[in-house]
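Next come the structures, one after another.
The same chain A turns up in both complexes below, where it pairs with chain B and then with chain C.
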Partner chain A sequence: MLLQILVNGISLGSIYALTAIGYSLIYSILQLINMSNAAVFLTSAVIFYALYTSLTGSSVLLTFILTLMAAGAIGYVIEVIAIRPIREKGDSNTYALISSIGVKTILEQICQGTFGSEIKQFPTLLDGKYIDLFGARTSAIQIIIICTTLLILFFMNWFTQKNRVGRGLRALSQNLKACHLMGMPVNTLIGVSFAVGSMLAAVSGVAYCMYLKSISISVGSAIGNKAFAATVLGGIGELKGAVVGGYILAIAENLVSGYWSMSASNFISFGILILVLIIKPTGIFGKKEQKKV
Partner chain B sequence: MKKYLNSKNILFVLIIAGMAVAPFITDAYQLRVLISCELNMIFAMSLNLLMGIGGTVSFGHVAFYEIGAYTTASLWYHFGWDYSTNFIFVILITGLAGLLLALPMSRITGRYVTIITLSFAEIVSLIIKNWDPVTLGQMGIVGIPSITLFGMRFKNKIQFFYFALIFVIVTYILMYWLVNSKLGRNLQAMRDDSIAAEAMGIKLFPNKVIVFTISAIFAGIAGSLYAHLMTYVEPATFNANLSFNCISIVVVGGLGNFTGTLIGALFLTILPEYLRKFEFLFKYRMIAYGMVLVIVMWLNHSIPGLKLKQSITGFFRKLLHKETAVEEV
Partner chain C sequence: MLKVNNLHTYYGNIKALRGVSFHVEKGEILSFIGANGAGKSTLMNTLSGTLKPKFGEIIFEGEDITKLSPRARVQKGIILCPEGRQIFPKFTVEENLLMGAYTVFDKELNKRNYDKVFELFPQIKDRQKQLAGTLSGGEQQMLAIGRALMSNPKILMLDEPSLGLSPILVEQIFNLINEINKQGTTILLVEQNAMAALEISNRAYALETGEIIIEGTGEELLHNDVIRKSYLGG
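What follows is the complex of A and B.
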């Protein structure tokens, strides 16, 4: 029972973690809560569905790659259209936040308009196959999700530590102005960070719908809010915090729904969040911020 | 008298006068749209107090709207009370909810406030979804009668319209008075620079509690009117999009500008209804809320190479916007 709960928790946690990294990455650079991330989650799942059913036939891999590219492009365009004009003026982040809410509404409404509001069947991989892991029934798609997430986490680690672009992003998060003065292409790099965040959201969006084997218009807001809660729980702006927060929330949710009731599992994630915010507002890994006069 | 004669108040009187004669020239459907305009006005003004004057971006304002709607609906369902009694409970319960949300603010500042409001709304909606004995859960409460005051039932929507209009006027006057009172000045000082305000002897926490409570009460009143207008409440209606739409209305009208909020509510409630006419746009009509947010944020800032911008921005600023800085989120 416990092992089964852990397996389910870890696979759901992987999905939270990937979206949460998107929030955290952009927050660490711009101190901006990018509300459009949840909408990209939904949009990419819808794009995957549309491509799979109409264009690419039945090749999951090809569809997946095309979806990733589309999500990256969407992320970059969001930055150029909605965030950059406000950022360049040097105005308060609140304005950029409101603008990102606007983008979220636009994307969600476009999805709703084109996709409709009914639940549809989503293509999945290796349907019905599972492994007995010490008594825990682990389906093939769960293993694929967990392995993909691990790969992506290793890749992100390499990307931010070793890669030139990733190191640039870390430099931006330390001091944006200094990067500007050193002649770094700040605008392009911020665009790249949005693209990376969107691609991660796309991976988790497609993975989540494969896990559920269905897609509906409400997946975005449901997972988006949870992933956001995970980001804050781990300490917003910290990549490892986002991952840890995602897994903690998902495992706690599964524990509660396993041993208590399904409806209580939704309470627990936001309950944990409020408790953490009251006890340690900066989250688990967050650094204490100093008020400057 | 002279100090009340500014452009905003004159515009307010004009809008109210226009609204007051509207029922004579509209059909039933248009009147219904106008009533939802009024509800949005009250709802958005309450959020504007919190955002524009209090400097807190709230993502969870729909929670109070929902609590208000469910309070009057459940009281009617279980006890059969009329609106004059329910109204007192709406004020008490939403005020209490606002107080509850304000409690963590003693420790939390800035962007974390936004996060707390989001989680608060999530928790409220979950409680209402699952508290079956009181709220009837997912089913919702159906068949709520029109507003009844001291045994007198409103027979038609025109009476409802004027009743809601009174609330709009009362809300505006109260907000105007509040902004220009000591509390309002304290709040604006806190919004612009909380450390300097604290150094001047303004206690941050009590002021925050008061503004949250007042804001919650007015959102709750709007919600209670909504329940009687729609005659049913169900949890699915009160989703996060309602909060975001409300933010759109406030932003269009200008932060801290209550006359602007009225215009924003009129504009953003009527526009999607108008777009229903067009077959092609029908499915996409709610995009207007998102577009408006992005475009207003642009206009307030620079669009490279657009000379028109200067004039438009200047025009809007003079007409609607009061330049305000919101606490960093």
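What follows is the complex of A and C.
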């Protein structure tokens, strides 16, 4: 029983973690909670569905790659259209936050308009195949999700530590002004951070719908809000915090629904969110900023 | 090399520069001295492109760069090592230097500049893998200058490099600035520590409430009565 809960928790946690990284990455650079992230989660799943059912039905991989590219482009464009003008005027982050909520609503409306409001069947991989892992029934798609997430986490670690662009993103999160002065292409890099966050949300969105084998219009805000709670739990602005927060939250939810009740599990995420905000708003990994003068 | 005409810059609603005109010759050390709030940092930020002037023009090697982004200016060879050092505290010394080379794609050149920085600043050579935030103030200042040098600048602008350093370190930093200049980089220096700045400068300007009030050689300003009274303590 406990092992089954852990397997389910880790699968769901992978999905939270990927979306949570997007929130954390952008927050670390702009101190902005990019609410449009949850809508990109939904939009990507809808794009995947639309491509798969109309054009590329023969190949899940091709559909996935095209969806990723579309999500990256959407993220970049969101930054250019809705965030950059506010940033460059030097207006408060609250305006950018509200603007990102506007983008979220618009994307959700577009999805609803084109996709409709009913639940539809979503393509999945290796349907009906299971592995018995010491008594825990682990479906093939769960294993695929967990392995893909691990690969992405390794890639993100390499990207932010060793890659010129990824390192640039970390530099932005430490001192934006110094980045301007060093001649770094700050605007492009911020756009890239939105593209990366959106692509992670896309992986997460497609994976979640494959896991459920269905898609509906409400899927984005349900997971998006929980991923946001996970980000806060781990310490917003810390990428590893987003990952750890995602797994803790999902395992906690599965523990509650396994040993207590399904409906109570939905309170857990937001209960934890409120508790963290009251007790330690900086989360597990977050530290108070200390600046040397 | 650099020519600035009638520069007016606002800082919020405050007029921080009121028609500043000057020129920088290739190979020299030029300094701006002045009290807090005289407009020195505003001038540096306007030259680096992080502040936009209301009027005036900045001509670099015959080209009008007034409207160029900070990045384009760094690519042309003007870089600012800012006040308060502004290093990346969570990066190692090595990573900080790599960020300074963000506009340079020539690997050979990067390697040469990297070695040159450690020749100038042997103190930080042993600390390449150390987080910059854990360095002492003097070492951070050296790192900040080194990081700027990684962009292979023609003009290195330094905003208050002696700020918060002990007298011995101040002397060391100014000797190093002299050394960097001798190796062929033109220096534009802004300092509250007028004595130290004037001693190494070929020419200098005194700035007061956003206007140049006196100009001359470093030597002349050291012996100027007004300067002695206002900035050198009599």
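Following the convention adopted for this analysis, the second predicted complex is superposed on the first by the 288 of 293 C-alpha atoms of A that agree within 3 Å, B and C clash if a C-alpha of one lies under 4 Å from a C-alpha of the other, contacts with A are read in each partner's own complex, and residues count from 1 in each chain.
Everything below uses one rule, namely that contacts are C-beta pairs under 8 Å (C-beta built on N, C-alpha and C of every residue); 3 or more make two chains touch, one makes a residue touch a chain.
All values derive from a computational prediction rather than experimental measurement.
**Student:** Once the two structures are overlaid on chain A, check if chain B and chain C clash or fit side by side.
**Tutor:** fit
**Student:** If you stack the two complexes on chain A, which partner ends up touching A:104: first (chain B), second (chain C), both, or neither?
**Tutor:** first
**Student:** By residue count, which of the two partners contacts chain A more extensively, chain B or chain C?
**Tutor:** So, of the two partners, B touches more residues of chain A.
**Student:** Check the residue A:163 against both partner chains and state whether it touches chain B (first), chain C (second), both, or neither.
**Tutor:** neither
**Student:** Quick one: is A:266 in contact with chain B, with chain C, with both, or with neither? Answer first, second, both or neither.
**Tutor:** First partner only, chain B.
**Student:** So, A:181: does it touch chain B (first), chain C (second), both, or neither?
**Tutor:** Once the two structures are laid over each other on A, A:181 reaches chain C alone.
**Student:** Once chain A of both complexes is superposed, is A:171 in touch with chain B (first), chain C (second), both, or neither?
**Tutor:** Touch partner of A:171: chain C, not chain B.
**Student:** Taking the superposition on A as described, I'd like to know which of chain B and chain C A:33 touches: first, second, both or neither.
**Tutor:** first
**Student:** Where does A:92 make contact in the superposed view: on chain B (first), on chain C (second), on both, or on neither?
**Tutor:** Only chain B is touched by A:92; chain C is not.
**Student:** Report, please, how wide the angle is at the C-alpha centre of chain A between chain B and chain C, in steps of 10 degrees.
**Tutor:** 90
**Student:** Quote the smallest CA-to-CA distance from chain B to chain C in the superposed model, rounded to whole Å.
**Tutor:** 14
**Student:** Once the two structures are superposed, pull the chain A residues common to the chain B and chain C interfaces.
**Tutor:** On chain A, the residues that contact chain B in one structure and chain C in the other are 291, 293.
**Student:** Provide the residue numbers of chain A that touch chain B in the complex, in ascending order.
**Tutor:** 31, 33, 81-82, 85-86, 88-89, 91-99, 101-110, 112-114, 221, 225, 228-229, 232, 236, 263, 266-267, 270-271, 273-274, 277-278, 281, 291, 293
**Student:** Can you check the complex and tell me which residues of chain C touch chain A?
**Tutor:** Residues 48-50, 70-71, 73-75, 79-80, 82, 84, 86-91, 95, 98-100, 102-103, 133, 137, 140, 147-148, 151, 164 of chain C touch chain A in their complex.
**Student:** Quick one: in the complex, what on chain B touches chain A?
**Tutor:** 57, 104, 107-108, 111-112, 114-116, 118-120, 122-123, 126-127, 129-130, 195, 239-241, 244-245, 247-248, 251, 283-284, 286-287, 289-294, 297-298, 300-304, 325-329
**Student:** Could you please specify the touching residues of chain A with respect to chain C in the complex?
**Tutor:** Per the touch definition, chain A meets chain C at residues 164, 167-168, 170-171, 174-175, 177-186, 291-293.
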